[in-house]
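Note that the chains take the letters A, B and C in the order they are written out, and that residue 1 is the start of every chain.
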Amino acid sequence: MSILVYAEHRNHKFNKASYELISFGNKLAGDLNTNVFAFTTGTLAREDLKTLGNYGCNTILHFPQDVSDDEKQLSRIISDIASERNASIVLIPHSFRGRAAAPRVAIRLKASLAQAISGYPVSLKPMVVNKRAFSGKALIEETLVADISVLTLNANTFGLIENVVEPAIEVLSIDAGSAATRVIQSEVQSGKVLLSEADIVVSGGRGMRSADNWQPLEELAEVLGAATACSRPVSDEGWRPHHEHVGQTGKVVSPNLYFALGISGAIQHLAGISASKVIVAVNKDPDAPIFGAADYGIIGDLQTVLPRLTEAFRKHKSQS
Amino acid sequence: MNILVCISNVPDTTTRIKFTADNKSVDYTGVQWIINPWDELALTRAIELKEAGKANKIMVISVGNSTVEATLRKALAAGADEAIRVDAEALDSFSTASHLADAIKQYPADIILCGIESSDYNGSSVGGMLAEMLDLPSVSSVSSLEIEGGSIKITREIEGGRQQLETALPAVLVVQKGIAINPRIPSMRGIMTARTKPLKVITASAVNAESQINSYETPPQKSSCRMIDPENLDELVELLHKEARVI
Amino acid sequence: MNFEYTEEQLMIRQAARDFAQRELIKDVIERDTHSIYPTEHVKVLAELGFLGMLVDPKYDGGGMDTISYVLAIEEISKVDSSVSVIMSVNNSLVCYGLENFGSEAQKEKYLKPLARGDKTGAFLLSEPEAGSDATSQRTTAEDKGDYYLLNGTKNWITSGNTAGTYLVIAQTHPEKGHKGINVLIVDRNTPGITVGPHEDKMGMRSSDTHSVMFNDVKVPRENRIGEDGFGFKFAMKTLEGGRIGIAAQAVGIAAGAFERSVKYAKERKAFGTELMNHQSVAFKLAEMAVKIENARNLCLKAAWLKDQNKPYGYASAMAKYYAAEAAMWVTTEAVQIHGGYGYVKEYHVERLMREAKLTQIYEGTSEIQKIVISRQINNDY
């Protein structure tokens, strides 16, 4: 009985979400008096693999052939390893590929599945977890009935717990079978902070008035090292690209800090941000519903407030 | 090419969600049921492909009791050719997927479409589970689907971008926003011909759930919003740093 | 007594609702502000089958019942009465008139394209000197043997410019009074037709309203509907049904304003609590709800009577009169509830209030409806 973590990498480097998952697995392993080990796939340098050891993972299984693009292949390999190593809990990131593989893994292992859980389990035996439902309008507590559990986690749900160990790295040579899915072309924007993983998000709504006014918002995001986002009307109007849309039918984000600039706070938008730790709202309408959901609020005109905000954070950054 | 679209019935997204007094289940009295918005987009794409002559038959399938039939008939009115209801209770994602898998063995299709999640339980699981149960390839987060000859071209969203892919058929495609833009509205003709289209009900053997919901509660409301003077934004920075500790 | 809608009626209502709430809402304010005709939306209306929804399928219509029609018009009017008036005129006045009183040849040639929505229709009765008093027709249709010669001016014609087919009421035998009036099917492209400038209206500004002038327009004899002198009866009969459409439109305008007011009252705070918790506002909303329910029920009853082939003129007059008055009251209160926000275009209710006013005037003023109702009372009691 052990804990298996699927550690995803992006461009051959692990990101904070992967380290959070290892930390989570390590805590589970401690509480259950067992071991945590990681499975990785694709080209990864030894020094990068070793970083997983900084969060308590002492065994790393590395399969150099990249199987992450074929859901059937990836889930078969994860489940085969989980079976071999007697994993009672399998942790997978709630990323695009992770959330796709997790249900397949659960079926193969005859395991219970809980996706996008909201934090550490309420209990481990039986496995009881919390998650959001009804697009954020409800919180449910769920018991997972099977002996094995497959859990997925969004970035920023569980913190990093440093626990430096010297990991053993095993390079696997297994028969991956043939892929049914083939990637023809990939377009990835590099450099920008990813919305799904960002610690800080700066988001603009209709109150920004037009697409031409986004420059000050982007500046604030840059100073803060934040990802940019928007409300639905903004993406519908074409002022910002669709993948920035946060809300019930867009992305659900859970950053540490979310700035809602010129966003009224419609229920559909709140559904996408309710898991944020701290929300700061700026709006010129004192009755905007967003103030009911925010931790800190500023009533003012964005044209004056936004540049001042950027200045204040810039000053803070240079002082620390 | 035949397309099968899996549909789930969900409470209208604008309704307030209420729980029973013991907080152990959802109070569905007075709730309006609609087709899960993501499934509606999947269905729309399937109909668009049929109208373009790229697909032959569109089937829709749903697990549930007779209240689900109104939604299935709406799908027929929108342009689906055949509807199937699996007469069983959808206890959780696993039982839903099991029932769908059993039924789909009787109604094979080249492409099986599922919405990426449902607006009620946001489980995001049925599509993947179904694919595994049927031992078929799956591609998720699909934001566009084209059919060329006997094969398909898919766009899938990934972190920071997207990929163009091909996959062997038959396959399960788990689709998200972008797969279709405007959900198809049934026309008068569609509503009239829906009466004549087949809606089959198939029985199912009982399946146990793999998870059980113990309780429901509304998420905690934020206590109160601390207002900051727009002339003194340094105070906000200070609070975020020292009090909230997020920067 | 079964007050439940059938599954099909609910599907039709939902289709109309989806169309209005997803498509029409996008540019309704802009089209109203700048008087822009909803060309693309009318195409979709046609594709969805709404323009000929009451017409028998053998004439390319939807074959739907009047209750479904009333539900559809209400849903569309919650968002855009310019579009619902185009739909109502096409269905209730033009298509109904042709289907019930036209010859097979006329139905084949004119009803089918209108039912499909390939063309829209217009109903030409009102004149500069004759609105409520429809018996004083000054437009003439001289009987010239194998054609009629049409001369005169018609006023306030919905779809006056965009319609492809006109139904024109005109006087042929002045000595016979209203029994000498005929109704003619006139092709928009017939030489001698001039369309006046677009009327700059208070509301429903996205539908095109024009005066139409006929100068020695030749209309083939076979385009006359019914017997010689049938025109007035035709007009009265079709307007009886048209009232149901306008009543439904008024219900929709009121319901749209009401729904927005409820939403606003639940979100807006004043004096420490939401408006909804202030009794003066809550009571207003209660009164609105009752009036709308009443208006809708009158409408549905008139629709039911029509579907049952029972006399429905009295019921439709009551429905139109009550619903229009209710719409005016409800929309005025809706603006009041919204306060300052109710006075600006962005919040829609000021537009609904401007639209409500017309429902009290056109297709038979509230005063005319009261004449119809009181005459019936005089007969019955």
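Some notes on this structure:
We take it that a residue touches a chain if its C-beta (ideal position, glycine included) is under 8 Å from a C-beta of that chain, and two chains touch if they have at least 3 such contacts.
None of the values given here were measured: they were computed from a predicted structure.
Chain contact topology: the protein chains form a complete graph, every chain touching every other one. Each chain gets a centre from the mean of its Cα atoms; the one farthest from the centre of chain B is C. Among the chain pairings, A-B comes first (most C-beta pairs in contact).
One simple way to say how far apart two chains are is to compare their mean CA positions; for chain A and chain B this gives 21 Å. Remark: chain B and chain C have CA centroids separated by 39 Å (rounded to whole angstrom).
Inter-chain centre distance (chain A to chain C, centres taken as mean C-alpha positions): 54 Å. Among all residues of chain B, none touch two or more other chains. Interface residues of chain C, counted against chain A in their complex, comprise 267-269.
Contacts from chain B toward chain A in the complex involve residues 11, 13, 16-17, 19, 26, 37, 93-94, 97, 119-129, 131-133, 136-141, 153, 156-168, 171, 174, 177-178, 208-219, 221-222, 225-228, 230, 233-234, 236-237, 239-241, 244, 246-247.
Interface residues of chain A facing chain B in the complex, by the touch rule stated above, are 10, 69-72, 75, 95-97, 99-104, 106-108, 111-116, 128, 131-146, 180-190, 192, 194, 196-197, 199-200, 224, 242-243, 248-250, 256-257, 274, 277-281, 291-300, 304-305, 308-309, 311-313, 315-316. Residue ranges on chain A touching chain C, taken from their complex, read 287, 289. Per the touch definition, chain C reaches chain B in the complex via residues 7-8, 10-12, 14-15, 18-19, 22-23, 47-50, 53, 57, 62-64.
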